[in-house]
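Note sheet for the following structure.
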Amino acid sequence: MDPRDVLGLLEDVRAGRLAPGEAAHRLATLPFEDLGFARLDHHRALRKGFPEVVFGGGKTPDQIATLVERITSRGQNALVTRASREAAAAVVARVPSAAYHETARALTARVADPEPLKGGVAVVCAGTSDIPVAEEAAITAEFHGAVVERIQDVGVAGLHRLLDRAGAIRQADVVIVVAGMEGALPSVVGGLVEAPVIAVPTSVGYGAAFQGLAALLAMLNSCAPGVAVVNIDNGFGAGYLAATILRRRPA
Amino acid sequence: MDPRDVLGLLEDVRAGRLAPGEAAHRLATLPFEDLGFARLDHHRALRKGFPEVVFGGGKTPDQIATLVERITSRGQNALVTRASREAAAAVVARVPSAAYHETARALTARVADPEPLKGGVAVVCAGTSDIPVAEEAAITAEFHGAVVERIQDVGVAGLHRLLDRAGAIRQADVVIVVAGMEGALPSVVGGLVEAPVIAVPTSVGYGAAFQGLAALLAMLNSCAPGVAVVNIDNGFGAGYLAATILRRRPA
Amino acid sequence: MDPRDVLGLLEDVRAGRLAPGEAAHRLATLPFEDLGFARLDHHRALRKGFPEVVFGGGKTPDQIATLVERITSRGQNALVTRASREAAAAVVARVPSAAYHETARALTARVADPEPLKGGVAVVCAGTSDIPVAEEAAITAEFHGAVVERIQDVGVAGLHRLLDRAGAIRQADVVIVVAGMEGALPSVVGGLVEAPVIAVPTSVGYGAAFQGLAALLAMLNSCAPGVAVVNIDNGFGAGYLAATILRRRPA
Amino acid sequence: MDPRDVLGLLEDVRAGRLAPGEAAHRLATLPFEDLGFARLDHHRALRKGFPEVVFGGGKTPDQIATLVERITSRGQNALVTRASREAAAAVVARVPSAAYHETARALTARVADPEPLKGGVAVVCAGTSDIPVAEEAAITAEFHGAVVERIQDVGVAGLHRLLDRAGAIRQADVVIVVAGMEGALPSVVGGLVEAPVIAVPTSVGYGAAFQGLAALLAMLNSCAPGVAVVNIDNGFGAGYLAATILRRRPA
Amino acid sequence: MDPRDVLGLLEDVRAGRLAPGEAAHRLATLPFEDLGFARLDHHRALRKGFPEVVFGGGKTPDQIATLVERITSRGQNALVTRASREAAAAVVARVPSAAYHETARALTARVADPEPLKGGVAVVCAGTSDIPVAEEAAITAEFHGAVVERIQDVGVAGLHRLLDRAGAIRQADVVIVVAGMEGALPSVVGGLVEAPVIAVPTSVGYGAAFQGLAALLAMLNSCAPGVAVVNIDNGFGAGYLAATILRRRPA
Amino acid sequence: MDPRDVLGLLEDVRAGRLAPGEAAHRLATLPFEDLGFARLDHHRALRKGFPEVVFGGGKTPDQIATLVERITSRGQNALVTRASREAAAAVVARVPSAAYHETARALTARVADPEPLKGGVAVVCAGTSDIPVAEEAAITAEFHGAVVERIQDVGVAGLHRLLDRAGAIRQADVVIVVAGMEGALPSVVGGLVEAPVIAVPTSVGYGAAFQGLAALLAMLNSCAPGVAVVNIDNGFGAGYLAATILRRRPA
Amino acid sequence: MDPRDVLGLLEDVRAGRLAPGEAAHRLATLPFEDLGFARLDHHRALRKGFPEVVFGGGKTPDQIATLVERITSRGQNALVTRASREAAAAVVARVPSAAYHETARALTARVADPEPLKGGVAVVCAGTSDIPVAEEAAITAEFHGAVVERIQDVGVAGLHRLLDRAGAIRQADVVIVVAGMEGALPSVVGGLVEAPVIAVPTSVGYGAAFQGLAALLAMLNSCAPGVAVVNIDNGFGAGYLAATILRRRPA
Amino acid sequence: MDPRDVLGLLEDVRAGRLAPGEAAHRLATLPFEDLGFARLDHHRALRKGFPEVVFGGGKTPDQIATLVERITSRGQNALVTRASREAAAAVVARVPSAAYHETARALTARVADPEPLKGGVAVVCAGTSDIPVAEEAAITAEFHGAVVERIQDVGVAGLHRLLDRAGAIRQADVVIVVAGMEGALPSVVGGLVEAPVIAVPTSVGYGAAFQGLAALLAMLNSCAPGVAVVNIDNGFGAGYLAATILRRRPA
C-alpha cells in the first residue's frame, strides 16, 4: 500500500464507500511498510537500475543463479560477492549478460545503466596479495556508478612508488586503502590526501598478523585523521560506503 | 620555495646570474616542501580560519595554552581535544575568546568563521554515558563548519524513541553513531538511512564489554552496509571524518 | 493518538470535516507510539508499582536522588544499582522510605507493593567474595516480587556443603548461580536441578582469572544443559531475568 | 535401592533377619543413587517418553545408531544433535521411526508423545546463514514438547520486517534469538518483548567476527535486560533451556 | 552422625525402640556429612595442628583477626595469605604468637608443631621482583611441615649462577620455580632435575608480559617434561601442592 | 673426561709429563660433560630399562621406526606419543614386540620391565571425548612403572557417578584429571582427595571453548588447592609428571 | 633523470635551448625517482649480484618461474622463500642454475657471487621441528653473502648440549635463535654471548602454544638484553636482518 | 679464580706444592665462574668503565642509591632506568657526579669514559608522546659509547617532515624507530634505509591501541625486511641492542 493507496482509502471513506471502523481496522493491520516506513526497505529497489547485492558465501551455485535471475527479471542490476567460479558458470547459463570478475570473486549482471555518481574513487592497495580485496571494492563501487582509479603495489616500504601516484590519489573524492600485514598504508595515504579514507585490512600476512588482526588494529589507531575502517577483507563494504558517500553529493 | 621561486632560479640561470652547477645544488638540497610536496602539510594552514587540532591528552595546561596562543595569533582557529578543566582555565587566561565544552572535554578558540560546509551531520547516541564521546564528535564537526543535529538516548532496546527520530536522522548527509555495550545501534541506524554511517564504539559497559572491544567488534561486523568504524571513544575522529566527507561536496 | 483517535479522524473524514489529503498527512506523520507501538516502551510504567531501574554507575548522588524522587513521586517503585554509600545518603535525605542494601550496592525505594510473582528463586554463590553480586541478584529479584532463598558458600571444592543444600536449591523455580575463579558451580548445580539456571560469572579471582573471563568461558561451556549466562558481575541482569521467567507463569 | 528398599532393609533389621552391623555396612557401601540422590541422574528417564539426548559430534554412525536403538527400546524418545547424513541413514536403518532434520543436523526418534509444555517458544533469527542453528533450537524445543513459532530473516538492518513480526514474537512465553555477525538482534528483540530472551551467537560472519566471538560479546553486553546467552552455535542448549523454563510452569 | 551413630540407630530399630519408618526418615534426611562423606571436608581439621588457610585478600583486618583467633582457639595453626601490614597488626594484637612475613605478605599463627613432611622443597626464583611470590610459596610449604631451601636470583640469562646452585636444587624432592617476564626458568630447571617441578608465573614484567600471561604460556609449553603450572602469582598454591606431594610419601 | 681423568691429568702435571700451560688449556676447553655436569643429560639412559620418549607428531613412520629400533637395540624401552596408525605399522614391522594403543595414539616398545613405582595413579576423565587424552596419560604413567586406575565418564553434571567412584579416586597417590568444555572436574576432585591433582585441559568443546582455552583458564583458577595444570591435550605431560612424583618416594 | 640530467637541463636553460618556464614544468612533473629520491628503491638492484627476494607464498609456480627468469636475466641473484616443490621444478626447468633447499622451502638462483660479508652468523635452534625455519634463516643469510654456522638441537632442557656449543655460538658476530614452544632459548643464549641476538619464534607446539604466540611473547619479554624479535616463523626476516647488520661493518 | 689462578694452581702441582688429589678437589668445587665460564657474567665489569645497568622499577630510592654507589665505587659507570625523580635525588645526594635525564626517566653516573663505539645511531620517533621511550633508547646508546642523532616528530601522516630528515637517518649505522598508535613508522623507515632497524612499540594511544599491542603487532608484521622488534616501551632494550651491534664492528 503506497501513499496513494492510503489516500484512496481515505477517499473511499469520505465517499461513504468504506465505513470508518473498517478503514481503521485496515490501517491498524496493514504492515508497516504500507505506512511509508517500509520505503526504507525497498527504497533501493524503487530506483530503476539500482543494484541488489547477494552475498555468495555459503550459497549454492543454483541458489545464486535463481536469485540473480529473479533480480534481473525485475529490471534490476545484481551484484554477487564471494562468488565461486562454479556459481559464475551457473549464473551465466541462465543470465547470459552476467559477467564474472575472477580476481574479485564478484559477479555482476547489469540490465540497466546505474545512475552515475559524482566524483571518483581511488582504490589503493599495498601488495599483490591484497588485490582480490581491492578488486572487490573497485567492482562494487563501479557497480554502484562510481568511476574508479586502481592504484596497486604502493606499499609503505617503497615510498617513491606511492609518491609517484600521489597526484592520482589526491584527485579522488573518496580513497579506499587496502592493506594486510602491518596495515600502515592508510596512515600514510591519510596524510597525503584531503578526501575521506576508507581503510580495509586484509588477512594477508602470517604469524603475528593473526589473519588480519594486526592490520585492523593498526588502521583503527591511524595517526592520520579522516580514516575509518571496515571489517577484514571487506572490500564490498568499502566500495559500497564509497558509493554512499558520493551518492549524497548534491547536483 | 614556491613555484615562482623555482622559476626565478631558472631565470637567474638563463640570465647567467647563477651557474648551472650551483642551481643544481640548490634544487637538490631544497627541502621537499619547497617542491610543492610540503603543501600537503601546510595546506590546511593556508586556508584562512581553518582549524588546527591539538590532542590535549598528556600535555600540561601551560603547553596547551602556549599552543593555542600561537595558533590563534596566526589568525587560525584552534581545537583542543581531551582538555581538562585546568587546561581550559589556562587557555582562557591567555586567549579570552576560547570556549570550553565540558561534556566533550574539548576547547575551541575561534578567531575566524570556518568555511561553512554543505550538508548536515547527525550525531546519534545510545545512552547518556555515551554523550561525552558524542559531544566530542559534534563539537569537532561544528568546529570544521558543519551543522550538527544531536540525537540522544535512542538505544536499540527502545526502538520507538529511535523511530520517532528517524526522520531527523534521515535528513543528515553524514550520520555518526556512538554506542557502547553491545554496539548494536550503527547496524539499526544503517538500515534506516541512505547516508554514510560512521560508527564510534565507546568504552561504556563493564565485564565482557572489555573497555569497548565488544562494541568495536560488533560495529566492524555490522550487517548493514555503508558503515565504517573509528577507534574506541574517538569522537574527534568521527567528527573530523564527517567534515572531510562534506568538504568534498561540490558547490 | 490511540485507536479511538484514529477512528475519530476517520469519522471526521467521512463527515467531510477533514480532507482526505490532510488526513493522509496526519497518519503519515503521527509518531509511532501513537500507533500502539510505543506502548512497548511505557508498558512497565503503566502497571502500578512496577519498579523502574536506575543504573547508578557514573551518576552523581544528586542525579540519582533526583531520579528516585521523580519515580517515586509518580507512585512507582525505584531500584538503583551500583549505588555508592554517598548516593544512598543523598536519596534517603529526599526519599525517607528508601533503603540501602550495602552489600549489594543497591538502593530500593518502595511506594507500593510489587505484584507478587509465582514461584521462588534460589540465589546460590560459591565464595564469600561473590556475595555482593549474589546480593544484587537477590535484591533485584525480590524487588520485582520474587521470593528469594539465599544459599552461600557452597563452592565445588566442598561438595558436601552444596549437597546439604541441594534440597533447598531443587525447590526453586529459577536458580541463579554466582561464581568467580573457575566458574564451575553452574555446571554442578545444573546437574542437580530441573529448573532453569542463570549463571553469573564474577570478576573474583586473580592472575589467569582475567577479571572474570575464565569464569565466563567456563559457564558458556557448561556440560550441564539448561544453563544460560549473563555478563560478568551482572547480578542485576540475573535477578531481572529470573523475575521475567516467573512473571510469565500463568495463574 | 529405592526408598522402599531402605525400608525393607530396616524391616529386616527389626525382624531380626538382618544384623545391625551387616545393615550398617550395606547402608555405608550402597551407591549414592540408592539413597535417593541418584534420582537426580535418572529423573528424566523416569518420566515416560521424556527424551534422551545424544551429542552426535565425534561419534561414528554405528555408535549413534546403537545408542538410539537402546534408548528407544526402553520406550524413550531420543534426540541426536550434530548428526551427519551418514549417521541419520545408519539410525533409520535400525530405528525406522527416526526422522532426520537436515537443516538442523538433528535426528529425532519418537516412541511416545512428549508431555506437552505450557506456553510457546519463538525462535527468531537474523539471516539465512543462521537458520541451521535456529532449527537446532526449534527442533530441540519441539522434541521436549514445546510449540514453536519460527521467525526468520528479521535482521536489525531491516527493522520493518522485524516489526511486522513483533506481534508473533510478543505472544511467545520464551524467545530464542539467533544471530551471527554483530549479534545485535537480541538487544532489539529484548526491547520489544516481556518474555525471557535466550540469545544464541552463531559463528556466521568473517574477519573480525572471529568465529562468533563478536556476536557473543555483543549479546553478553545487551542493553536490554532479561537476556541471557548460551555458547556459540549452541542451538540445542537454547532449545533445551526454553523447554526447561516452560516445564516449570504450574498447571 | 558417625558410623557408630548409624549402628546405634540400627540397634534401636532391632530393639524395637525405633520404628523402621522413622529410621528410614532419619537416614534419608541426615546431612551427607553424617554418612562419612563430610569427613572429606573436615579431615584436615581432625588432625591435630594441621593448618587452616585464610585468603586475606578482600577481608578486613578485623575479619582476619577473628578468623585466626577462632582457628587457633581450636588448637589449630592458621595461615593467612595476602595479608596487609594492618591485618597483621590486628591479628598480633589478639593472637600474640602470630608472626608476619612481610615479603610474602603472609601471616602464620602456630599453636602446635606441624607434622614434619618427608623430603625437602626447593623454591627457586629468577629475579628479585619475583621474591614475594617465591616467599609465599616457601612460607606455605614450611607452614605445612616442609623443609625449604630458598634459591634466588638465578635467572636464565646468567646460567653460571643457576649452575652453581644446581646441586642444591637437585637434592630437593619437589622444586618450585617462580619466574616472570619470559618464564623460561622452569624449562631450564626441569632439564636439570629429576624431581617434579611446579612452575609459578609471576606478573613481573611490562608491556607484552601482559601481567604474567607471557610467563604463563611459556610455562605451559615447557619443553621439559615433569613440569606443571599454577595460576599467576599463586605462590600459595605451589607451596600447598608441594606439601601435598610430600605428604603422600610413605614412612 | 670423568673425575679420574682430571686426576690423571694432574698427575701428569706433577710428574712433569704435561706442562701447566697445556694442562690449563685442556681444562679450559674440555666439554662440560667431562666435568660431571653432563651426567645430567644422560642420567636417565644410564638406568637400565628406563624409557625414552619420542614425540611422534611431525615425524614420518620411517623416522619413528628408526628411532624406536635404535632405542630398543640399546636395551631401553621406548614410548612414542602422537603416533599414527601408519607409524605403528612401520614400527611393528621392525620391532615386533612393539604395541600400539590406538585410543591414546601411543606406541610402546618394551625390552625390559620398568622399575615399578610405589603408589598408584588415578586417571579421571569427564566425557567420552576426553578419553584419548586420558589414555595417553594412563599409558605414559604405566610405561614408567605406575599402576593406573582408569575412571571415566564422571562429569560434574552427574555428581552421583563421580561420588560412586570417590573411594577409588581417594586411594590414588596422584590423581590426573582430564576434562574439556568448562574444565570444572579438577576443582571438584581436588575437594574430594588429599593427593596432588594434575589437571589436563582438553580441546574438547566448541564455540567459546576456544580449543581448550576455557578449560585451561578454569583449571588455573581452581578454587581447590593442590591442583596444577599442564598444556592442553598434554596427556603425556601429566602421566610423566605423575611418574616423577611417585619416583621420588622413598622405599 | 639522474643528477647529470638535472645539470644538463640547467645547461640547456643557460644556453637558451630551454625556456625557464618549460624547465620549471619539467622539474615539477618529473617523477620523484628522477630527483635521486627513488634511488632508495633501486639501490639494491644497482649493486651487481645483490639478490632480489620473491615471497613465494600465494604465487603460482609459473609466476615464480617468470619472476626468477626476469631477475636472473638482468644479472641478479634471486631468492624465493616459501617455495613449494612444484615451484622449484618450474623454476629449474627455466633457470637450470637454480637450486632448491627443501628443508627451508627456499629456492636460490645465483648468476653472480654475492659480495662477501664481514663476520659470521650463528643460527641456533632448539628442536628438530624448528629446523625448517632455521634453515630459511641460514639460507637467506648465506645468499646475502654471510658465512653461517648451524647449531641444532640445543634446547634449554638439555643445557649441556647448548653449553658444549657455546664456544661456536660466541664466535658469531650475529646470533639467530629459533625456537617454538616456550621460546626460552633466546634468553639463555642472550646471556651467553656478546653479539646481537635475533629471536625467531616458531609455530611449533600445540595447545597453549597458540601457533607461536607463547614463544613470541616469551621472546619479547626476554630477561637478557640485546635481543630483538621478528615475526613467527619468519626465518627470512632474521637472515636478512643478520646480513644487514654485517653489511654495515666497515672494512 | 681467573685464568692466571688456574695456571698458578697447576704450577703449584708441578712444583709439588700441591697434591694432585687436592688440586683435583679444588678444580671440582670451584664455582663455574672460576673456570672461565663466569667470565660471561662479569665480562662487562672487567672492561674499565663499561656500565652496569639497574632496572629502577620497583626499587626504593635508597636501594637504587646504594647500588649506584657500589657500582661507581668499583670504578664502573652506572645506568638506572625507570628512575623516579625521588630516586634521582637520593642518588645525587650520595654520588654527586650522577645526572638525571628526566624525560627518559634515566639516571647515569659516569666515573670513566665509555669506550667509544664505531658508527652512529639514529633514534627516530613519531610523536611527542613517544619521546620518553625514544630518550631512554638514546641515553642508553650514548651511555654505552654510541653517538646518537635524535630525529623527532616525523610521523607517517606527515611524510615530508620524515623525508626532510631521510638523509640524516640514512647516515646512521643502526636506526631505532619508536612509535605508538598504529606503529607504521618502522615500515616506512625500513624502506628508506639500508641499516638494521630496531622497532620499539610504545603504549601511546587509546582504545584499540590496547596499551601498545596494536603497534607491536604492526611492527612484527612490517613489510620492510631488516626490522626487528623489542618489547613495548622498551627503549633501554633498543638502545642496548644498538650498542651491541656497533660493538661488534671490527676496528
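By written order: A, B, C, D, E, F, G and H. Residues from 1 in each chain.
What we mean here is this: a contact is a pair of C-beta atoms (placed from the backbone, for glycine too) under 8 Å apart; a residue touches a chain by one contact, two chains touch by 3 or more.
Quick caveat: nothing in here was measured; it's all calculated off a predicted structure.
Chemist: By CA centroid distance, what chain is farthest from subunit F?
Modeler: Centre of mass proxy via C-alpha means gives B as farthest from subunit F.
Chemist: To lay subunit B over its twin subunit G by CA atoms, how big a turn is needed, in degrees to the nearest 5?
Modeler: In degrees, rounded to 5: 180.
Chemist: Over half shared or under half: which fits the residue numbers at the contact of copies subunit D and subunit F, same or different?
Modeler: Since fewer than half of the residue numbers are used by both chains, the interface counts as different.
Chemist: For the interface formed by B-H, which of the candidate pairs D-E, B-C or B-G is equivalent, sharing more than half of the contact pairs by residue number?
Modeler: Within D-E, B-C or B-G, the interface duplicating B-H belongs to B-C.
Chemist: Using each chain's Cα centroid, which is most distant from the centroid of subunit A?
Modeler: Greatest centre separation from subunit A goes to chain E.
Chemist: Subunit E to subunit G: how many Å between their CA centres?
Modeler: 51
Chemist: Need the CA-centroid distance for the pair subunit E / subunit F, whole Å please.
Modeler: 25
Chemist: Subunit D to subunit H: how many Å between their CA centres?
Modeler: About 61 Å separates the centre of subunit D from that of subunit H.
Chemist: Give me the residues of subunit E that touch two or more other chains.
Modeler: In subunit E, residues 37, 40, 158-159, 163, 191-192, 207-209, 213, 216, 220-221, 231-232 touch at least two other chains, as defined above.
Chemist: Dump the list of chain pairs that touch, please.
Modeler: Chains touch in the following pairs: A-B, A-C, A-D, A-G, A-H, B-C, B-D, B-G, B-H, C-D, C-E, C-F, D-E, D-F, E-F, E-G, E-H, F-G, F-H, G-H.
Chemist: Which stretch or stretches of subunit C touch subunit A in the complex?
Modeler: 3, 6-7, 10-11, 13-14, 16, 20-21, 23-24, 27-28, 35-36
Chemist: Going by the contact rule at the top, pick out the subunit H residues touching subunit B in the complex.
Modeler: 129, 158-161, 163-164, 206-209
Chemist: Considering the complex alone, what residue numbers of subunit C touch subunit B?
Modeler: Interface residues on the subunit C side: 31-33, 37-38, 40-41, 57-58, 201, 203, 211-213, 216, 231-234.
Chemist: Which of the residues in subunit H come into contact with subunit A in the complex?
Modeler: 126-127, 155-159, 163, 181-184, 187-188, 190-192, 205, 207-210, 213-215, 217-224
Chemist: Flag every residue of subunit A that touches subunit B in the complex, lowest number first.
Modeler: 37, 40, 43, 53, 118-119, 163, 173-174, 191-192, 194-196, 198, 216, 220-221, 225-232, 236-238, 240-241, 244-245, 247-250
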